[in-house]
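I'd like to ask some things about the structure below.
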């Protein structure tokens, strides 16, 4: 019993460590004054400042648009890629493709950023929204593949045979059996791609010109100039946003899980 | 025949991506590393890298930092992942571990600018304890601390998954055969969750070599990692050749880490 | 005479050097229950896949109602399959699973509903339309798989070891149901199993497979009573197989003695194998017995005792007796001439059938 308590204490300490900086940040977004020291009393001023900052609002919209667009395209290409890998029967080729797929997963951001910068310059692609979009699609594809592939492998051959046996053509097997079956994988792939895009700083920093800013790049620029409590207000808003995303994700998972447990219960009945 | 054409349709977009955004960039960065700032072919970048001493020292420094960050993260994360496995609502707790990773890294770094500043959170806390203000920001300590802070969830996750996969029966069998808790841990649990540790090390060590924004914001240019050097050469001094050379070194380091963590995993698998 | 709806003619299948089907000739007639019986790896599922179209045969013809279908893909063949693991679609409920094939055929919604409900009724799953697949027990999933196949009214329903995943009790129940269903629907069932009891209980006709060849085909009674060779005798039911010599028609020698028997048509002094089923052996005293054995062990099986005994030449004898014996006792075994079944070595099914017809006709 005593041991159990000690172990929880450790976990609590870890959680405190993880969350104190975030709450510290948010707490000062409500502080009068202009530095992250000595709370000067409550105010909404920094939030008002944030919402009046049209440049910032535009950047937020751009960032979300970029994330949505890049994750959508990455999901399509990645899903096709996973289907292609699944259909590859030669193990050597399959393993090679999988290793290549994972290169961008493990590559440090600076390498991705620097090599893409060289790539775009060599092809004379102007740096800006398009180059950033292409980069985000590129580094999101492998995670989609990794999310979809296990679902494809879960699929039993006999199920596909059964669909054929019941009269479906190859196209019908794909649209009626395979795609619905792997949809959870596609959704989590899309979700991961979306967060990857929102989270990215380094790659964007390399391949964006002066014309296009994402939130992360903007925060970096402002943070280098020192503390501005408008950023704190922004992190408050983003924390709420992340929280909503997490809750959404939790419910997606919970939905899948409760379906599973309902099934178990049904089997017991 | 029909099958081949549909396969082709699946392969084309993905294959294009593989060619254009995976293979071509790697080749290009290697190619670029053989050109000097004026665009002439040269081996000078590599010569500079190996002869000047500062680059070698910087690389070693970067590796040492990454090593410390990884070790520290592992030390904190393993027990946390282990304890997390035994909590009641572990999926919920796990989600709370993941949540901070969805707050942009730069915001977290920015938070520490506030916390570590001269009159920030830590120093006012120390002040209350009667200890005078200390310089935290722009020190090695602050860089390592913040980097570890950021990487902890990425270490906890794979370890947690490995512990989840561990068959409780093995633990019970070990206890049944007379092993004490600690013996069970070192002889059964740890070896069987090694794959998670390795995945975590991979996920932490490689990015730690390249966290240039942290060195800029928190390390205050005192700490220079491989990532900082690449960023400097590409975006400040515009010496892409030298930047690419360091990039190639970083890629080699990455493959080395993957090789080391991958190889041992296979050996472990054979032994068990 | 019912008409032949499926025929396999000289069908061979090889993978490189491995031969999985050797000159298979099978005829399937309208409205009967057929079973492909054999140990795993004997090629029975391969035959099924040659029929439902998931396998290209190396040579030979697969004929549906006399038409060659070798090049017709699986989705266009008028047979349907109940798969071993049922292969139900987990993302669809019971109704949608059963409706699947009809939807592919683009049937009218009203018809689909009516036919699905009637198919579910047929397998006694009324009221289960809205259930999720994972909510069903193994037996219920099995029925859904059957309903999904029969709703398309196939000429032949192929069943690939459908009962192997069920527990013993449920398996027995499903055997009755399958037999009943086949008779009610009147369509041909081609059933694959490795369980000889199941095959004997269900089938109108059995094909016994081994090593990619059909060893023997016939009614369950024929195959049980007149196995063609050592493999069939051993695989179907339990048997004592001893080697001996045919002295002349209706007289066979084994265990150093001559016995009257019911078989004929072999060459004089031809070496043969003799089959005696354990339930045909009766315990008696040594002097009245035709064979003398010493009891080694016995197991009580409920409705009989299973006794293992050895004769003087150390041959093992398996006896099913309603009376117990005592370990170590020396007893006599007796049997009637018609209990003896004599098998020639390496006799082809054709020759076997011809020979049987010749002397049984007399």
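Chains: A, B and C, in written order; residue numbering restarts at 1 for each.
Rule of thumb we're sticking to: a residue touches a chain if its C-beta (ideal position, glycine included) is under 8 Å from a C-beta of that chain, and two chains touch if they have at least 3 such contacts.
Please read these numbers as outputs of a predicted model, since none were measured by experiment.
Counting only chains that touch, the fewest steps needed to get from subunit B to subunit C is 2.
Centrality annotation: A (chain centre taken as mean Cα position, compared with the mean over all protein Cα atoms). Seen from the Cα centre of subunit C, the chain whose own Cα centre is farthest off is B. Annotation: 61 Å between the Cα-based centres of subunit B and subunit C.
In terms of their C-alpha centroids, the spacing between subunit A and subunit B amounts to 18 Å.
Note on chain placement: the centre of subunit A and the centre of subunit C lie 56 Å apart, centres being C-alpha means.
For subunit B, the set of residues that touch two or more other chains is empty.
Multi-chain contact residues of subunit C, defined as those touching 2 or more other chains: none present. Contact residues on subunit A toward subunit B in their complex (touch as defined above): 7-8, 10-11, 14-15, 17-19, 21-22, 24-25, 28, 35-38, 76-78, 80-81, 83-84, 87, 97, 100-101, 103-104, 106-119, 122, 134, 138, 141, 145, 170, 195, 198-199, 201-202, 205-206, 215-216, 219-220, 223-224, 227, 231, 234-235, 238-239, 242-243, 245-246, 249-250, 253. The residues of subunit C lying in touch with subunit A in their complex are 52-54, 73-76, 79-81, 83-85, 87-91, 100-101, 104-105, 131-132, 134-137, 148-149, 152. Listed in rising order, the residues of subunit A touching subunit C in the complex are 156, 158-159, 161-169, 172, 176-177, 180-181, 183, 259-260, 262-267, 269.
Residues of subunit B that touch subunit A in their complex: 2-3, 6-7, 9-11, 13-15, 17-18, 20-26, 28-29, 32, 76, 79-80, 83-84, 86-87, 91-93, 95-115, 117, 119-121, 124, 149, 152-153, 202, 206-207, 209-210, 212-213, 216-217, 226-227, 230-231, 234-235, 240, 243-244, 247, 250-251, 254, 258.
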